[in-house]
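Note that the chains are named A, B, C and D in the order they appear, and that numbering of residues resets to 1 at the start of each chain.
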């Protein structure tokens, strides 16, 4: 049996459902190319802001327990102008590159969307969900249905690209937030960003370890929470979902797709399995499909919602 | 676990007017070239090469605000250590040459200690006499040391790269190991290529996570922290950004 | 050096800072006595509702990843009348027993508080934070500062016992919620309840495994989130905090106390280390204190807030 | 990992009009008396003793709604299995006696299979002839089987406890193993105490988690799921609730 792994995502065709999540590695075109060679179906850039940002002091990323990491990168990135240069020519890029954008308000988001037009991004992801950067995401009040609607609408007006809205697992009424995004013109939901934030205190010095003291939680332990979020969102909206959070194995990906995801984002998994995780997860998905008599990965999407 | 282990400073040795070695009450095993992330609790965290492994020691040169604060630390103060990270220099053959520029001598002195069984020639470059350190340490393990200063205040006046060229005109080495300013390392590599000599260089880029996830330290499609920091000739020859630009804390390109 | 482990908690004297968290084991006086013998400083009953509740169907408690469990017990308990019988005589109980109460609204909470007066509970804990029981906690809208104030005030009027209010880690503005509880007369904050909820889907059958489909997340991976919650609450209020969530070792307990907790609750830790966890954690705290020159566990409370 | 592993039913054997054994394509190792939590996906999950270990098999008797649904399962259907949980019966001596009441025979038949090297006498009690099962299975491992029915439709008319008393009048056993209705087990235990004979009983309580956390299955200060389900004479003698009451799904006491 030949197993089909390609999926469709808001008009994009992905050779397989694995996507490099935003913030991991995505600093340059060249490193994203390496991730593409490692088997990803699509890649996401680090989030781009209008102005360059150095981000928080180090440590910006630590392991809080065996299965959790905390990060408070603080959206370090060289800014819109540098991003346009970095990604100016994506014509030879083998898979879709998703441009992650983050602003402080609807206006800034819209400005970014309008100004990245020259870049060959195949989709835009707007991030309304960071739990650890003042002025942005949850700390900017972006987690509510109202703010989501406002920002998504503003961006929608400025771009024809497929528009993904990235949500936070902290919000309880996630279905409503997703609905607000859908109504405002989003083409897909990315769920979820990091959780929390959390904190680790060094007991020798009684000091929080992260430079920003608190950071968003990612890694294997995030999976059960992300799973519920995707499950809830699938019930609430018709647009496709990219399930992100603790995906490490093909089995995790299968579970996430059964919850309702059309594709899965992988971030912290790169720590546990290296860059080859994309290829390995695909192989494992394929094995699962084969041994369970599915000919096509699309057949498992949302399966957990059947009675 | 990727989290700093907080250790007490057991002793501090002044190497020169702007350089100190800090020893901790701990043994580690490391390859020369591997590095640690060193956390000043509540302040910041930056990369430093393993300088000694038993007891663990790091050697710090003053550059900017972090190193200035680090150099103020005293016996009994506490620092967080993660690592060792990255790969290390690999021993190749029986006659090797080290080319150190400035604080590039730190991992190379540790290398000499680890590889002491082979014939080592060391070229040690510094701006001026006062900037030199670890020359005595190197003497224990090297059969020949060539000191080079920009101003001639100690040893030969000139650049370490000139000395390397002179040597390679007359002799063959199985491998040249280099660490120092990237422009110097690039020249060392070019000279080695010219003389058909294998080279290993330890590169530096702005580092944050140290374990290959954040992407901050990339050069081309390589993560210095995880795939490096040490690269051999074959790898170096593929790097289009080597000697051209690095990235700052935001990821912005800064040309050399 | 002789190390003092006893702490004071809203007027209660605890021989050590470890407390059995609500919902674990606490079904009967006898099993709580065994926990007391295992070294706990105090114990909490399973949450008591007015009417008996069978709870959700099984599985009600599963391991979602190595470091996380999900539970959706659904507040099974034999109800107020049976609880009064079960705990009618606590006079010989070696350590304080905390009665956990849960109702659907302020009135029901107040009714419970008034009616457990005959029982020898040394304190009352009201739970405003369950993420997986319709009508209660977050699903009853109890997570807001307003609801917290209303319920706490209503209970305060009915009891003179030390009153603990148990909060959810899902809420972002936890400081405000804690403040609302403090203002309304709470004597301590218990932070946190389980997180999420989360979900695990069995990929063989594409079915959520928990009987209630979703459940609250507990276990080691909850610790970094609980830590941040306690840290935030410590900044916001003056009343003491019981830090709960992922406490497995003495080092975890020390970290939690440095974040601001006066005592720590232990639940899922019993899975990882058995009932002896209380004694073992105390031994480890003592070792830590001794090797770090602290003579008294109280000295580490809130240490992470010093500059 | 405390999570059901979903297995396909490989074969189903009808034991009597209300009892079936389900076999799975899996081997496990278990002590007799240990149990599994059996999940009907999307429905509920309840405890069942290990009946066979290679291939794994459970034997289910119809009681209420869950067991009724379970008994409808066919070859190819999928069930989730967690465990084995709890402790098991321990072999004591060379001559032992089993006292089974109703579906209490399930773990005891498995016990006979595991302890087949010693002399086993089995007293098998049931309401009526049609309720009997596993007698043939027991015959393979026991040198003597005494069947007892309430109505005398098979074997002796009466209660297994009477037969036990008769035996103990004449013989000595190193240990008596019992499983069945709690009232019966309590009598067995009392008789054993009278005759100074060691007894092991497998108790039942309403179970939820199965791994010792939820507290649902407590008898006195003992968790049946984790500290039991098998208890020896010394332990049984300390249980004030044994034979007195159990708790329902809510935790409410239900007196026997």
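Some notes on this structure:
Assume a residue touches a chain if its C-beta (ideal position, glycine included) is under 8 Å from a C-beta of that chain, and two chains touch if they have at least 3 such contacts.
Since the structure is predicted, the reported quantities are computational estimates derived from the model, not experimental observations.
Centroid to centroid, with C-alpha atoms defining each point, subunit A and subunit B lie 36 Å apart. The mean-CA centres of subunit A and subunit D are about 51 angstrom from one another, to the nearest whole unit. Contacts with at least two other chains are made by residues 64, 66, 200, 204, 207-208 of subunit A. Looking at subunit B, one finds that none of its residues touch two or more other chains. Taken as a contact graph, with one node per protein chain and an edge wherever two chains touch, the assembly forms an open path, each chain linked only to its neighbours along a line.
Pairwise, the chains that make contact are A-B, A-C, C-D. The touching residues of subunit A, when paired with subunit C in their complex, are 64-68, 70, 131, 138, 143, 170, 172, 195-201, 203-204, 206-208, 213-214, 217, 220-221, 223-225, 227-228, 231, 246, 251, 254-255, 258-259, 288, 292, 300, 303-304, 306. For subunit C in complex with subunit D, the residues that touch the partner chain are 23-28, 30-31, 33-34, 46, 52-55, 57-64, 66, 69, 73, 76-79, 82, 200, 202, 204-205, 207-209, 211, 267-268, 270-271, 274. Residues 1-4, 6, 37, 39, 41-46, 78, 80, 208-209, 211-216, 218, 220-221, 223, 247-253 of subunit D are the ones that touch subunit C when the two sit in their complex.
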